Amino acid sequence: MLEYIISKYNFWVYIILLLIGLYAMLGKKNLVKKLIGMNIFQSAVILFYVSIGVKKGGATVPIFMGDAHAAHGHGQAIIDVASYINPLPHVLMLTAIVVSIATTGVALAVLILIFRRYKTLELDEIIKIRKDTGV
Amino acid sequence: MMSHILLQIVVVPAIASLVILLTRQQIGKNAGWLAGCSLLYSTGLLLLACIRVYHGEIIVENYPFVSSAITFDLLGDGLSLPIALIINMLCAALAFYAMHYVEHRIEAIYGDVDERTWRNHYTRFYIMFLGFPLGFMGVCLVTNLIAMYFFLELLPIPLYFIMAMFGYVDRVKVAMICLLWAITGASFFILAALMTYSQIGSFHISDLSALAGNPMAFWIILFFLVALLVKMAIVPFQVWMPQVHAEHPTCIAGLLAVYANVAAYVIVRILVFPLLDDFKVFSMPLLILGLATMVYGSLLTMAQTDVKRFAACSTISQLAYSLLGIAALTITSLEGGMFFFLSHIMGKTILFSTAGILVYTTGIRDMRQMGGLASKMPITTALWIMGAMMLSGFPPMSSFPAEWLLFTGVFHTGIEMMPGGLIIAILAATAITLTVAYTFRSAKIIFFGKMNPDIELHAHGEIKDPPAMMLIPLLFIAGVSITLGLFPKIILTLFHNVIGTLPLP
Amino acid sequence: MIWQLDIILCIFVVICAIAAITVKDLLAAVIILGAYSFFMCILWTEMGAVDVAFTEASVGAGVGTVLFIAAVNKTKRRSKD
Amino acid sequence: MATHFAALVIIIPLIAALFVPIIGWWKKGLCYPLVVAVLIVPLISSLGILNRVIESGPFSYYLGGWAPPWGIEYAIDYLNAFVLVIISAISLIVSIYSKKSVEKEMPEKVVPFYSLFLLLVTGLLGIVVTGDLFNVFVFLEIAALSCYALMAIGRDGAPFATFRYIIMGTIGASFYLLGVGYLYIITGSLNMLDVAQRLPEFYHSRVVLTAGVFMIVGIGLKMALYPLHAWAPNAYADAPSTVSGLVAPLMTKVAAYMMIRIMFTVFKPVFFVEIIPVTTILTWMAAVSIIVGSIYAIAQTDLKKMLSYSIVAQIGYIALGIGLANRSGLTGAVLHILNEAFTKGCVFLVAGAIVYKMGSCNINDFKDLYRKMPFTMSAFLIGAFSMVGIPPTCGFFSKIYLIMGAINAEKWIFVAVLLFSSILNVIYFFRVIKIAAFDEVIPDYSRTTPYITYRLDEVPLSMLIPILIMAAGILVCGIFSPEIINTVIQHIIPASF
Amino acid sequence: MKVIAILIIVLTGGLLIYGVEEMPDWGDPNSPASSHVSPKYIQEALEKTATPNMVTAVLGDYRGYDTMGETAVIFTAGIGCILMLRKKRKGEGD
C-alpha cells in the first residue's frame, strides 16, 4: 500500500493542490483568496502535465547534448529517445503558465473595479450591498 | 385564373395583407375595401371550385415545400370546399361590416388621435384580420399535418393582436389567456403529429390510415383530440371561451366561432376518415362530453345579462352539437354535424354582429337596460331574430335540416347503444329547447317591451338602424342561410360525395 | 532525480499552498504564494522541466507576485478568512 | 485558395486586433470601419470553407506544414464549417451594430474595445476551427479573457458578475485541460482524430472515464447548463449591449459545439451512451435547465436578465438534443445552435437598442414602445415567435426535431418538458410584448382627452439594420431549414445513429 | 457556501483518486505519452529545426500556433487591463 502511494506520489500531490485551490476558489469569501486559490489550482494542473513528461531510467532534460552540428550532419541515428524527457507537456505548460498569469492579471483588474465600486473585497459584504442597493 | 385555384385562395389574403401593410399611409380608410374585395375574389374562386367539385371532380394541387416530409399540398373535395366557401364568405362579409365598427372602436379606445396614427390603427386591423382567412383556408385545404399545424398556430396570432388592440375592458389579459390556451392546444397537436411521424414516417393525412391498429394509435388520437377539444372549448377545456368571447371586438366574433369550430372539421379530416376503427373507442366519451357541454353552455347562457357574453356562452353549447354529430359516428350525423357547423357560424356571425350593432348604437352592453328597440331599429331586430332562429334550428334556416340530420344520426347511434346512448340522444334533443328559450328570451328583453328612457343618454347619437354597410353583409349571410335551408341538397350532395364513402351506418 | 528531495519539496509546496489560503494578511498570503511558486519551480527542475521552471520563476513567481502585490496595494490588505 | 481560408479565418482578425490600437492611436474613428471590414473576411472564408466541404467533403489544413499528430491540424468537417459560418455572420452583424452603442456607452474606450472585440471573435472562431485538443484550450482562453474584460465594463453590477464568471470559467477551462491531460496520458496524442482513433481500446479504463467526466463538466460550466449556470445570467445581463449581443448568441453555443465535438468525434458515441451514462444525466440536467431557466426568466423585470435566463433554458434544448443521442435529437440540437445564434442575437440587440434609447431595460418602462420603435419591436416579436416555436421561424423546426428525438427515444417526460417550455416561453415573451404594445392605453371608451400623438423614435440605422438582418435571418433559416439539414446537418450526425 | 465547496471538492477528489489508479506507471518510458507522438520530436527536432532545445523547437515550430495563441493571450490580457482600468476623463467618476 505504502509502496503504491509512494510510487505515484506526485499524482497525490497534484490532487491535493488541486483540491486546495478548488476549495479556495469556491469556499473562501475574500476575492483575493479566491484568486490565490485559482493560481494554486492552475499550477496543480501544470504539475500534473509536467509529471506526464517524466521518464525514469536516465532520461535528462530535453535539450540536445553533444555536438549539435555533428548530429545535424549525420542524421538521427545517434539520438536515443529514451535518454530525453518527453518535451511535449513542457511545451503545453509554457503556454498554460502564460495563460494562467494572464487570467490572474485580468482577474486582478476586475478586482480593482469591484473595489472601486463596493469598497470591500469580502463576498458576503458585496452581496449584502448588492441586495441593499439593487445593483 | 383557373390554374392554381386553391393556392390563390390561400395566398390572396396574405398578399392583400402585405399590400395594406406596405401602403398603409396611402390606402388609409380604403383598406377595408381592399380586404373585402380580395376576399370576395377568393370567395368567387371557391364558388367556382365548388361547382367543379359538384360535378364530381376532386381538385388536388401539389406544392413541394422545402423538404419531402413537409409539403404544401392542397386538396379540394366535397368536404373541404363548401366549408372553406362559407368561412371565406363570412370573412368577406365581416370585412365589410368591420369598416364602420373599427372606426368606432378606435375612437372609443384611443380617443382623438392624429390622422397618421389613426390610419396606422385602422390598417393594422385589416392587416391582422386577413390572417384569419389565410389560416382558415389553410386549415381547410392542406393535407399535411405540419402545414395544418402551421395554420392552426397562425390563427391565434391575429386573434391575439386584434383582441388586444380593439377589444373591450380586459382585452390584453384575455388575449394572453386565449394565446396560452391556443399554444397549449397546439403543443398537443404537434406532439401527436410527431408521434405519428415516428410511427409511420409521414406527415400526410392520407397516410394516416397506416396507423390503424397501431398500439400508439390510441394515444395519438387522444392527443389530437385534446388539442382540438381545447380549440373547441368542450368541457373541461371551456374556461377560456366565455372570457374571450366577452372581450373581443364583435367584428371578429363570428370568426372566433369559426376559429373554435373549425376544429370539428379537423377531427373529421384527420381522425374520422383515416382512423375510423381506432376512433370508435372515443365515440361514447365524446358523446358524453358533448352533452355536458351543451347543457352547461345553455345554462350558462341563460344566466347572462351582458349582450356579448350572452352570445359567447351560447357558442359553447352550439359547438358541442357538431361534436355530438361527429361522435355519433353515422353518415347522417357526420353530415349533419358539418352542416350544423356551417349554419352555426353563419348564425353566430349574425347574432354577434347584431350585438355589435347594439353596442355600437346604444353604447351599453347590459340587456336589461335595453328594451323596446324594435320600433327604432327594425332591420336590426329582424337580423337578431333571424340569428336566433338559426341557432335554434327553425325552418327555413339552414340549421333546421342540419339539426334534423344530426339528430337522426344521433338517435340511430343512441338506439344501438341502449340505454346510455339513447338517454344522451334524448337529453341532447331536449337541450335544443334551452337554446330556443335563451335566444328568444333575449330577443324579447332587448327589442320588445318597454323602452328604457335613459338609453338615449348613452347613445352616441339618435338610435336608429346602423349604416347600410354594416347591415348588407349580414342580410346577405341570412340570405345564404335561408337558401341552404330551403335547398340543403346543394351542400349535402357535396358532403355525401366524401362522407358517404365511410363504412358507417 | 532524487525522490527523497522530491517528496520534501512536495511537502513544502503543499504547506505553502495551505498557508497561502489561510493567512489573513493578504500581503503575506501573496508572498507565500510567491514562495509556493518558487518551490514549484524547483520541483519542476527536479523533474527535468527546466523551460517550464524558468518560465514559472519569471512569470509565475515574478510577474504574478508583482501583479498581486500591486492589486493588494490598491485595495485592502486584511482578509476576514 | 479554399485551403487557406481555414487559416485566414483566424489570422486576419488576430492581426487586425493587433493593428487596431495602432490605428486607433492615430485616428480613433477608423476603428469601427476597420473592424467591420476585417470581419467580412472570416465570413467570406467560412462560406468558402462550407462550400468546399459541401462540394468535396471534409478536409484538413496543416499549420506550418507539419503533419498531424505532430503539428497542429485544422480539421474541417461539416460541423466546423457550419458553426464557423454562424459565428462569423453573427459577429459581422454585431460589429455593424456596435457603432452607436459603443460611442454612447464608453466613448473613451473605443480603441481597446474594438481590439478585444476582434480577439473575442478570433477566440471563438479558433475554438471551432482547430482540430487539436490543446489548441482549443488556448483559443478558449483568448475568447474567455477578452470576454471577461469586455463584460467587466458593463453597467453597475458587471465587475462582480464578471468575477464570478472568471472563477467559474477558469474552473471550466482547467477541468477541460485536465481532461485533455488524462487523454494525453493514455493515448499520447493531442490531435482529435488521432485520439479518437487510438481511444476505443481504452474505453474501459478509469483514466478515460475521468477524462470524459472532467471534459464534460468543464464544457458544461462554459455552457451554463443547470446546475452550473449560476454565473451566467448576471454576467450576460450586465455586460455592455454590444458585448451581450455578441457573447450571448455565441459563447454558450461554441461550448455546445465543443460538447458535440468531444462527445461524438473525440469519443465515439458509444462511450457516453453506454459505458458511462453521461447522456442520460445530460438530458435530465437539460430538462431541469429548461424549466428552471424559463421560470427564472418569468420572474425577472429586467429585459436583459430575462433574456439571460432564457439562454440557460435554451442551452438546455441543445444539451437535451445532444443527450438524446439519436438522429433527430442531434439534428435538432445543431439546428438549434443556428436558431439560438440568430434569435438570441436578435433579442439582445433589441435590448441594446432599448437601452440606447431609454437608458434602462426595465420591462415595466416599456409602455408604448411599439409605437415609438415599431421596427425594432417587430424584430423582437419575430425573435419571440422563434423562442416559442411558431412556424415558420427557425425555432419551430429545431423544436420539432428535438421533440421527435425525444419521441424516438421514447422519453415522454422530455417531450412534456419541451412542450411545456413553449408555454413558459409564451408567458415571458408575451409579457414584454403586452406591456410594449398594449399598456398605457387608457381602457375606457368615454375618454375625452384630445389628440394623442406618437412620435417615431427609432434607433439609428446602423443599429436598426443589423437588428432587422437578424430577424430576417430567423425567418430565412426557418424556411430553408430542411435545405440546411439536407446539405449540412445530416452529415454531422455520427454514422451509428 | 462552504458546505457546497466541500461537497464539490470531495466529489472532484474522489473522481481524481478513482482515475489515478489505472494510470500508466509514473515515469514509464514506454507509456503512451512517451511513445506515441513525442519520440519523433526528440529524434527529428534537431535535424528539422536546427534547435538543440527540443522544447523550443516544438514550441516555435511544430506547435507554433499554440505559441501564437499564447502571445495573443498576453495581448488580450494587456488590452483588457487597459480597457478596464483606464479612468474616465473629466472627473466623471465611477
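For clarity, chains are labelled A, B, C, D and E in written order, and residue numbers in each chain start from 1.
To be clear about the criterion, a residue touches a chain if its C-beta (ideal position, glycine included) is under 8 Å from a C-beta of that chain, and two chains touch if they have at least 3 such contacts.
In this text, all values refer to a predicted model and were calculated from it rather than measured experimentally.
**Student:** What chains touch chain B and also chain C?
**Tutor:** The shared contacts of chain B and chain C amount to nothing, since no chain touches both.
**Student:** Moving only from a chain to one it touches, give the least number of moves from chain A to chain E.
**Tutor:** Counted as steps through touching chains, the separation is 1.
**Student:** Looking at C-alpha means, what's the farthest chain from chain D?
**Tutor:** Following the centroid criterion, the farthest chain would be B.
**Student:** Mind having a look at which chain is the central one, using mean CA positions?
**Tutor:** Located nearest the centre of all protein C-alpha atoms is chain D.
**Student:** If we define chain centres by averaging CA atoms, which chain lands farthest from chain C? Would you check?
**Tutor:** Relative to chain C, the chain with the farthest C-alpha centre is B.
**Student:** When the contacting C-beta pairs are counted for A-D and for D-E, which pair yields the higher total?
**Tutor:** Answer to which pair has more contacts is D-E.
**Student:** Suppose each chain is reduced to the average of its Cα coordinates; what separation in Å results between chain B and chain E?
**Tutor:** 67
**Student:** Report the inter-centroid distance (CA atoms only) between chain D and chain E in whole Å.
**Tutor:** 25
**Student:** So the centre of each chain is just the mean of its C-alpha atoms; given that, what is the distance between chain C and chain E in Å?
**Tutor:** 18
**Student:** Which integer distance in Å separates the CA centroid of chain B from that of chain D?
**Tutor:** 43
**Student:** Give the residues of chain A touching no fewer than two other chains, as numbers and ranges.
**Tutor:** Residues 10, 22-23, 26, 29, 51-54, 59, 62-63, 88-90, 92, 94-95, 98-99, 102-103, 105-106, 109-113, 117 of chain A touch two or more partner chains.
**Student:** Going by the touch rule set out above, which residues of chain E reach two or more other chains?
**Tutor:** 16, 23, 33-34, 37-38, 41, 53, 55, 63, 66, 69-70, 73, 76-77, 80-81, 84
**Student:** Scan chain D for residues touching two or more other chains and write them down.
**Tutor:** Each of 134, 138, 141, 145, 148-149, 152, 184-185, 190 in chain D touches at least two other chains.
**Student:** Any two chains that touch count here, so list every such pair.
**Tutor:** A-C, A-D, A-E, B-D, C-E, D-E
**Student:** Report the residues of chain C in contact with chain E in the complex, numbered from low to high.
**Tutor:** Its residues touching chain E are 51.
**Student:** Touching residues of chain E toward chain D in the complex: what are they?
**Tutor:** Against chain D, the touching part of chain E is residues 15-16, 18-19, 21-24, 31-38, 40-41, 61-66, 68-70, 72-73, 75-77, 79-84, 86, 88-89.
**Student:** For the complex, give me every residue of chain A touching chain E.
**Tutor:** 7-8, 10-12, 15, 18-19, 22-23, 26-27, 29, 51-57, 59, 62-64, 68, 71-72, 75-76, 79, 81-82, 84, 86-92, 94-95, 98-99, 102-103, 105-106, 109-110, 112-113, 116-117
**Student:** Note which residues of chain D are touching chain B in the complex, please.
**Tutor:** 371, 388, 390-392, 400, 403-404, 407-408, 415, 419-420, 422-423, 426-427, 430, 434, 437-439, 441-445, 447-454, 479-483, 485-486
**Student:** Given the complex with chain E, which residues does chain D contribute to the contact?
**Tutor:** So the residues of chain D touching chain E come out as 14, 17-18, 21, 63-64, 66, 69-72, 108-109, 112-113, 115-116, 119, 122, 126, 134-135, 138-139, 141-142, 145-146, 148-150, 152-153, 182, 184-190, 198, 205-207, 209-211, 213-214.
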